[in-house]
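Shared between the two complexes below is subunit A, which pairs with subunit B and subunit C, respectively.
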Partner chain A sequence: MTNFAIRTENLAKIYGHGRKAIRAVDGLALNVPEGSIYGLLGRNSSGKTTTIRMAMGLARPTSGSIEVLGLNPWPDPSRVEMLRQVAFVPEDKANIGLTVRKVLALNRSFYPDTWSDALARKVVDRLELPLDTSFIKLSLGNKTKSALASAIAQRSRLLILDEPTTGLDPVALDALLRLLVEDCTADGRTIFLSTHQLAEIEQIADHIGIMDRGKLLIEGPLDDIRASFRRVTVTGANLPARGPQILSARRDAHATQYILRASPEAFTTELTRNGATIVDSEPLSLSEIFLALCRREEGTQEEAA
Partner chain B sequence: MLPLRISASSGVPVYLQLEQQIKQAIASGLLHAGNALPSTRRTAAELRINPNTVARAFQNLEREGVIRTVPGGGTFVASEAALASGLLKAEKLRRLRPLAQQLAVEAAQLRLSAEDTHKLLDAALEDLTRKSRADKRSPEEPQ
Partner chain C sequence: MSGGLIVFLEIIAPLVILIIYGRIKIVRARRKAEAEETSVVAPMLPFNPRTEPTPGPLLRPFSTPQRAYLRQQIALGKACFYMLAYVCIVIFTSGLLPPYVNRDGTVLPFAERVWYSYLEHAAVAEIVIVIFMLVAAMIALGGLTNGAPAIFNRTRPLTRSFLFWARVVPAIVAILASLAVGIVASVVLLLIFYGPVWLHLHDAATVGPFLSRARYWILAHGLLQASAPRIFLSLATTALLIFSAAAVFVSQPFWSSGKRRMTPLVTFLSIFVGLSAARMIRHADLPSFSRWSDVLFVYATVGPPPPYTYVLVPILASTALLLIAQFCVARKEL
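Our next item is the complex of A and B:
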């Protein structure tokens, strides 16, 4: 049986009351397998950060349940037990007037059992992080790097990163990806990160979830998700416009282009049997899958309006 | 280091890209029977991809008899005999059929004759044989 690093059931967070209530997270069922690199993807204000805040015990769920490493992150003492085993890089970094060297020393004192000085040095070197500048004077990218150095050196069972690429240049981003793969995945450790930088995550993640308006649109192993989506161009008469497998269908004078969301082979076999010709069939990149799913949500809302 | 390159935006699963490239390296003579492959973690770090993905590619290649893993000793390209018998001919043909179909569709769309398409494939096969021979003649480069 798979163990889950993070698991939520029907999780909801509602801010405000009545007509003005905002459903930031709305019935979320998240399953983050232990040992995975899990990318939580979504547009701005899709509920990613609120979900992470609930996982870290920084926000109380309105309803539903959440477990982090099998522990409930809201009440003490289970929250303390959870925090000992989780490293966290928040999106908004607190401004403190200590040098990076002192920030690292402070974090070290919280995690005497697992902290690695060698790893902290490695992250500082690889990311070219200035040690003796006050944190408050650092650029946005260097603040991100400083938080990453503390979190990685902590060598936790679970690493939670909220938009870890904020402010990083391409060289630093590449160095970060290497550090994550090299030093944060051994011994069944889990990385859970939220982002809208799809291309980088597509490389290192093995599981993804796509969130939109507080709900999960899709979740699973990235390879499975890739295999179930396909763009197919078809010519022929009486082609279907709707169906359970069809995410979208665009028709022009010559051909119809489908974006399929499940079992594309069965769909094309059926069409061919009915006399249609498959002109082209190609896989979608994660970014194309993301756009296809999130645009469809927009389309549905317009229809409803 | 093997000239492995992963394209994240191609839509082809990364483990398949890896499998194909390692097979290509063997088919083109870049890797020989008995050559050592870098470890899963090192390959993953070099390519900035998930270690589980590399492990999956290596497992598939091992199941097909392309590589073999010595417990605690690393991963190696299988022996010539294992490479020859590892994939039964039917299995090999089954794997290549989608590519052949794709070639046929593209050729039909470009209004190429069957004869021209056959010639194209023959030329590609000849190219590969010539390259492989040239590689064997040239002195071994240090790995």
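Our next item is the complex of A and C:
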């Protein structure tokens, strides 16, 4: 049986009342397996940060449920028990007005059982983090690195990172990805991160979820998701424009290009049986899958409106 | 030089010193940075944190994370204490300045003049206390309700009630301690410069015939009935009450990071409310307000004091307000 680091059921968060109500998260069913590197992807205002806030006990769900490491993150004392086992890098990387050295020393005191000085030194070294520069003088990238160093050195069971790449240059980003894979997934520990950096997340994540407008569009192991999407170019007469597997269909002068999801092989077999010719069939990158799903959702919403 | 100008200079002097000190620090840092650019850069010291110092008897019952948080709050409380203690000393001793002592001429005997001026300034301090308590509540609870510090604190493994009381208790202790220091310092200065004047107050019946009606009224109805211990006790209970009310105010949802546009408006409103409250306290001797000022143990003018039994009212009201603030902070979302 799979254990889940984070699990939500029909989770919803509504801000405001009446006509001004905003459904930031809408019926979310998220399953983050323990020991995975889970990337939560989504556009701006898709509900990623709100979901993370609910997971960290900073916001209360309007309805539905959320469990982090099997614990309810809102009420005390289960919230405290959960926070003992979770490291967190928030979206707002502004720290508490101290030098990096002092932030690390302070955070060390909060997690005496799991904190590693050696790992803190390693992260500081790898990310080339200035320890004694005053907070005001730190660049955005260094503020991000400071928050990351603090969280990684905690060696918690679950590491929640909200936009952890803000302000990082490519070298620092590469160093961070290596650190996450090498030092944060040992002993069945879980990384849950939300990001816009699709190319980078594709390198390290083994599970992904894509959110848009508060809803989860797709979730699962990255390899399974990649395998279930294909771009197929077809020629022939009477080709279908809609169908359960068709995410999008674009007709050119000579051929039709489909983006397909879920059993694309069955769809192409059916087309071939009806006399169509498959000109080309290729897998999609994560970025292409993301765009196709978001555009489809946008179209569905517009049709509904 | 007028008394008002002296008090003003006393209050702004530390600010001017801090600004000059900050400027000197910046210039020195710039020179150091320039010197480092031309020399070999010293290697950064590695991260080798000191082990936690042995906790004292006060901190021993708490867990390591709790102690870490408490040490932070105690440091913040100390900073508040130094600032408030200085302000209290300035305000309580301002009544001892000769321009204030002799403000109304020399109709009253010397001992009465000194004692009246001293008590009047101590009583008027309630107005300043209102403003400082608003600021103190914002500083104390801002770290749980606003921005990055609130997110940091509320994602550490500490219960919400601990997060709240560990901020509020050091703040209250700092407020009460600074008042006590201000009172003790002012009494010491009073003794040094004027001696125990309260032992030399004349009987109103004896002195009365030689005084104008207004002066007689001050003496008979004000000074001789005034109670110094109750003025100081009232300062403490009023400070506690204002701090608790401001804590409830700061913990409301509109004071949130998600509505930053509202913050300047809310800050302005809070200052306005604070000043209005201060004005009400200043005129607490008005008949319509005097009953309420008695019940709340507000004693802001030299005159008949409120009964001691009412001291429990602001203490109980403050406790209730702080419990409400704790409830609101615990429910507040970030």
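Note that in this section the second predicted complex is superposed on the first by the 298 of 305 C-alpha atoms of A that agree within 3 Å, B and C clash if a C-alpha of one lies under 4 Å from a C-alpha of the other, contacts with A are read in each partner's own complex, and residues count from 1 in each chain.
Everything that follows uses one rule, which is that a contact is a pair of C-beta atoms (placed from the backbone, for glycine too) under 8 Å apart; a residue touches a chain by one contact, two chains touch by 3 or more.
Since we're looking at a predicted model, the values are computed, not measured.
After overlaying the two complexes on the shared chain, residue contacts for A:Ala120 are found with subunit C alone; subunit B is out of touch.
Of the two partner chains placed by the overlay, only subunit C lies in contact with A:Leu106; subunit B stays clear of it.
Looking at the shared chain after the overlay, A:Gly18 reaches neither subunit B nor subunit C.
Set side by side, subunit B and subunit C differ in how many residues of subunit A they touch, and the one touching more is C.
Of the two partner chains placed by the overlay, only subunit B lies in contact with A:Ala199; subunit C stays clear of it. In the superposition on chain A, contact is made by A:Ala59 with subunit C only, not with subunit B.
By the touch criterion defined above, A:Pro170 lies against neither subunit B nor subunit C after alignment on the C-alpha atoms of chain A.
Put simply, subunit B touches subunit A in their complex at residues 6, 8-15, 41, 44-45, 47-53, 105, 109. Subunit A contributes residues 35-37, 174, 177-178, 181-182, 185-186, 199-200, 202-206, 222-223, 226-227, 278-279, 282-288 to its touches with subunit B in the complex. By the touch rule above, subunit A contacts subunit C in their complex via residues 53, 56-60, 76-77, 79-81, 83-84, 86, 88, 90, 92-97, 101, 104-106, 108-112, 117, 120-121, 124, 130-132.
The part of subunit C that touches subunit A in the complex is made up of residues 44-50, 52, 64-65, 67-69, 72, 147-149, 151-152, 154-161, 331, 333-334.
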